[in-house]
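The two complexes that follow have chain A in common; it is paired with chain B in the first and with chain C in the second.
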Partner chain A sequence: MTSTPELAGRAGRPTATPAGPLHRPSELTPTIDVSGLVDADGGLLDRAIFTDHQIYQQELRRVFAPSWLFLAHTDQFRRPGDFFTTYMGEDPVIVTMDKSRAVRAYLNSCRHRGARVCRADAGTTRNFTCTYHGWAYDLEGRLVSVPNREGYPDRFDTADWGLVEVPRVENHRGLIFGTWNPRAPSLREALGGMAWYMDAMLDHDGAGTEVVGGVHKWVLEGNWKLSAEQFATDWYHVNMSHASALMLLAPAGKSPRDEIVHRAGRQYVDPNGHGAGFPVHPKNRFDALAVHQWFDYEAARARLGDARVEGPMTNGHATVFPNFSYLPVNGSVRVWHPKGPDRMEVWAWTLVDRSMPDEVKEAQRLYNLRTFGPSGVFEADDGENWSEVQAISRGFVTNSVPLNYQMGLGSEREDGRYPGKTSELYSDAAGRAFYRRWQSLMNTPAWYEVDR
Partner chain B sequence: MSTTSDRVATPFLAADDRHSDLSTHFEVEQFYYREAELLDECRFSEWLELLADDLVYWMPTRTDRLRRQQALSVAARGEAAFYDETKSSLEWRIRRFDSGTAWAEDPPSRTRHLITNVRVRHANPTDDLAATGADGDTAVYAVRSNFLVYRNRLQREENLFAGERTDILRRTGDGLLIVRRTILLDQNVLLAKNISIFF
Partner chain C sequence: MSGTGIRVAALDDIPEGEGITVDRAVTGTEDDIALLRDDDGSVWALNDTCTHETASLAEGWVEKGHVECPLHASRFCLRSGKVEGLPATRDAVAHRVEVRDGEVYLFPNETSS
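After this line comes the complex of A and B, so read on.
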């Protein structure tokens, strides 16, 4: 037996922690072939993927663990010791700035008996001390204090028992992502063509974005894919689901349906499962009046090009596979944290341009709070849909009836204006791509399975 | 160490130490019961009449913090809030319910607002709040009360919201009006799929 991580780690485990002779029997992680549950070509989906517990466990292993997952915004870390706790899949993690000002992420679980070493949501600290037996870790994740250290055998080396670090943490224009997968392509590569669309929100003027006001968190009784998929592909629901909110936004005397229904636009379909939809119009504007009046559309045209200013910069929706979504018009970005097949937790941030004057930032914050977020006049009706779909899908017969994702089948093409494959604004194309990616990951052994 | 209630009260409140007299206390309690009735019966336009035109209606989020950073556990003004409203933004939200397409409240929630632990104090008459009020405003009260709001929807959805309200009430010719309301919900992650009701 050895405590050398290279020799003792893995054995089917996603981290290189010393495991001695431990090895997990494969019966613990049965694998389901999901080929028959997603028909991405024909646009059909089996509802079992939203309800089955084994499939959910497999998602944590094969969809979440290998993917780049959103952690936080760089603005949340201004000096060493600033920390924010969140989840990657169902794994609790601490994101913090170390003494060299690098943002790092650690599994929030003590290496001794597994308690959380940080139970605050955010704050500033010098170290993370476990309140169970008192092991303490510094900002670099090193185990720096062990009560009754002399009680351990000679071969016990604190160097082997630091916090488990998320091996890859990278950021794209302030959005920090992490992955457990040491062999993942770079974040930029994983975002691929999606980055061009994301930058329409993140790179208005080169000064970047910042967070206003902290994080909204709330629960939804629905599978995480329902919302992630919707933000990738579903402009279709807007007219019906949000009819009441559209009425509030419509200019007096104009029917909101005329205003919105006949809009043309595009939907970006990314081969890695990302998606973004947006109306296209030369006069597309930010909804919040103060933001609209302040914003320099001409300068944005020069920087981002006409196609982005007239499309994905303002109205629209987007998902970065698997569970990060955003709305450019109000700067709402969110993670759909999975909490079992039937539940999720929504964590939502509001991003604003760093260059905005304070009163414009405040206007965007208020607009976002009143439209999206748990009391938002749009968001409230979204939650209603997902919980409704989830609640009835336990029925045996209900669960067996396939769902339809056939809108815009075969419409994906290069349109010469929006890069990559795009479809119509009203289309399920990015949804089909989302589930194609999901299916492929679910049926592919993750890096740690290959190591075995 | 500042307490959470200091933190919430600070932006608005300048209460002095005088408790209200018995009849004012009675009047405030009855005012709240009437308000609860209007909310539970979805008579929102009548509820709006209890709100002053210069209303600030605020429900900050709360987070878990290290003990020495407890002062940060309630979001400050300008930070994340479940509600940060004016009278006109509340009117705007309420207009949605009449559209016939506000699905999150259609069919509507059954709610029950229980209001308790009412503590009425005179607010400092030199406070801005009195100054910004309508002519002749003299009596301003700082009132804290606890609430338990039960919401039941559809066949078996249930939510319980417990917390405290810190209000500034102004006496006018038409009776009491709510000028400030701070709602401190005793939750971190909101344990409901939305907030489409008022407190």
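After this line comes the complex of A and C, so read on.
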């Protein structure tokens, strides 16, 4: 079941499942050198990375498979058998709590003919039974029932045919991530300096977070990198794209105050491709009134320090490479599931502090829904931009014209207040780092490609 | 069997909509017995092993007079054991149960009234 590091990698397969004499010809997985498609130093990008099918296939193999990918929140698993189905890249997975209360993840595909063994979004179960022929697996992934078992040869051993398990599942302050890479660094190590910024949202008071019930899911035309990149690096679009929403939220009869429009802040640039940008101001606050009035900013200053309270605790945007993003102001956390080069599915949760009274949680839920729900006044603007960019990018000439990522070139520095390298609030620095990381993974053989 | 039955569980041991297994060593039956509690609070008993494949009906889903096998979703009548949904094709054996003063008594191999 669990892929052993020794076996995973043989015959170029990412799992240790028995393959007999099967071996996949290398022509099926051509590798493209992407050196010439990303100029991270000069801030130029070739648009083919958003549209090409071979590049997309290579992303699934070399960017998604080896990386830590967001799966779910620990709050979604309270008793054995609770499960949630999601995707890692385009691979369907079941996340569940086993009988020993450990959260585990399995490939949601029967070992017999490959159908999904769980078709529900979430729930509670005792087994995962394939609806095609009835092979059934328990919460530990073991194959426990094979109809017409006597029809199989003597060498058929059910122990060899359990669900394929995601070998590494770890959580950081309630956020569960998994990776297929048995040799990946720990999740904490992979988050690196980004954890300091994430904790500004996840560790307000030591009681932790929980998710509002239900996950919003919607489909957009657009490559997954367009949204992941924006959440890493782009406050620049706010005043232009969201002008109408900002007008709407301003006091009646007035435009937004100058200090809202012309904001100063920092943008964290992580060497692993993560990024977070946030305005900095001593009076930064949560937007939802009920949340603002309930929140103890002084206690948060003592716990998190002034720099975080005045920056990434209440405000801004962030992406954990490759496709997990969040917004501290309203507790929105989301995954950009890739669905081909030109399509994504957005799956969004609302995170609230466990310590919030019910009416404050409800206020945050409604504020999130109004602003960044599937039809939120800000979210709709963003989706329109990504789909616009994608829709025209199939044009031959259009596709060949490089894009500009030069804002803040050379501005990355240690500022003595925000840890790691930071740039200005308005900058493409984290975007350049995002694509530098993407380029590096795309050009590096993954663990299963390396002979040991 | 005795006129008073075998005391096999306290009613509170069985949550509504769920079941528990009683070992055949206690009941003297050919199979373990599934005590199944319907969502109206009533308690019923069937042979525990599904008649289709090896699975415990006590682990199944109990509601509205039926139990659904946890493995392949075969469905049986709690009262009679009659099979009501494929892939099982053979009825389960039902046994009479009585609840007195919060205790559950089993009458092995007697049919439900």
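Methods note: the second predicted complex is superposed on the first by the 436 of 452 C-alpha atoms of A that agree within 3 Å, B and C clash if a C-alpha of one lies under 4 Å from a C-alpha of the other, contacts with A are read in each partner's own complex, and residues count from 1 in each chain.
We take it that contacts are C-beta pairs under 8 Å (C-beta built on N, C-alpha and C of every residue); 3 or more make two chains touch, one makes a residue touch a chain.
Please read all numbers here as calculations on a predicted model, not as lab measurements.
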In the superposed model built on chain A, check whether chain B and chain C fit or clash.
fit
Between chain B (first) and chain C (second), which, if any, makes contact with A:98: first, second, both or neither?
neither
Taking the superposition on A as described, I'd like to know which of chain B and chain C A:82 touches: first, second, both or neither.
neither
Would you check which partner chain A:127 touches, where first means chain B only, second means chain C only, and both and neither mean what they say?
second
Which partner does A:374 contact after superposing on A: first (chain B), second (chain C), both, neither?
first
Would you please give the vertex angle at the Cα centre of chain A, with arms pointing to the Cα centres of chain B and chain C, as a multiple of 10°?
70
Kindly classify A:383 by the partners it touches after superposition: chain B alone (first), chain C alone (second), both, or neither?
first
Go through the superposed model and pick first if A:136 touches only chain B, second if only chain C, both, or neither.
second
Who wins on chain A residues touched, chain B or chain C?
B
Scan A:145 for contacts with chain B and chain C and give back first, second, both or neither.
second
Contacts for A:119 in the overlay, against chain B (first) and chain C (second): which applies, first, second, both or neither?
first
Overlay on shared chain A, then closest C-alpha pair between chain B and chain C (Å):
8
Common interface positions of chain A, toward chain B and toward chain C:
125
For a test of understanding, state which residues of chain C touch chain A in their complex under the given definition.
52-55, 59, 70-73, 87
Spell out the residues on chain A that touch chain B in their complex, using ranges where they run on.
119-125, 212-221, 240-241, 243-245, 247-248, 345, 350, 362, 365-366, 369-370, 373-375, 377, 379-381, 383-385, 387
Within the complex, chain A is touched by chain B residues 61, 63-66, 69, 72, 75, 78-85, 89, 92-93, 95-97, 99-105, 157, 188-196
What part of chain A is in contact with chain C in the complex they form?
125-127, 129, 134, 136, 144-145, 147
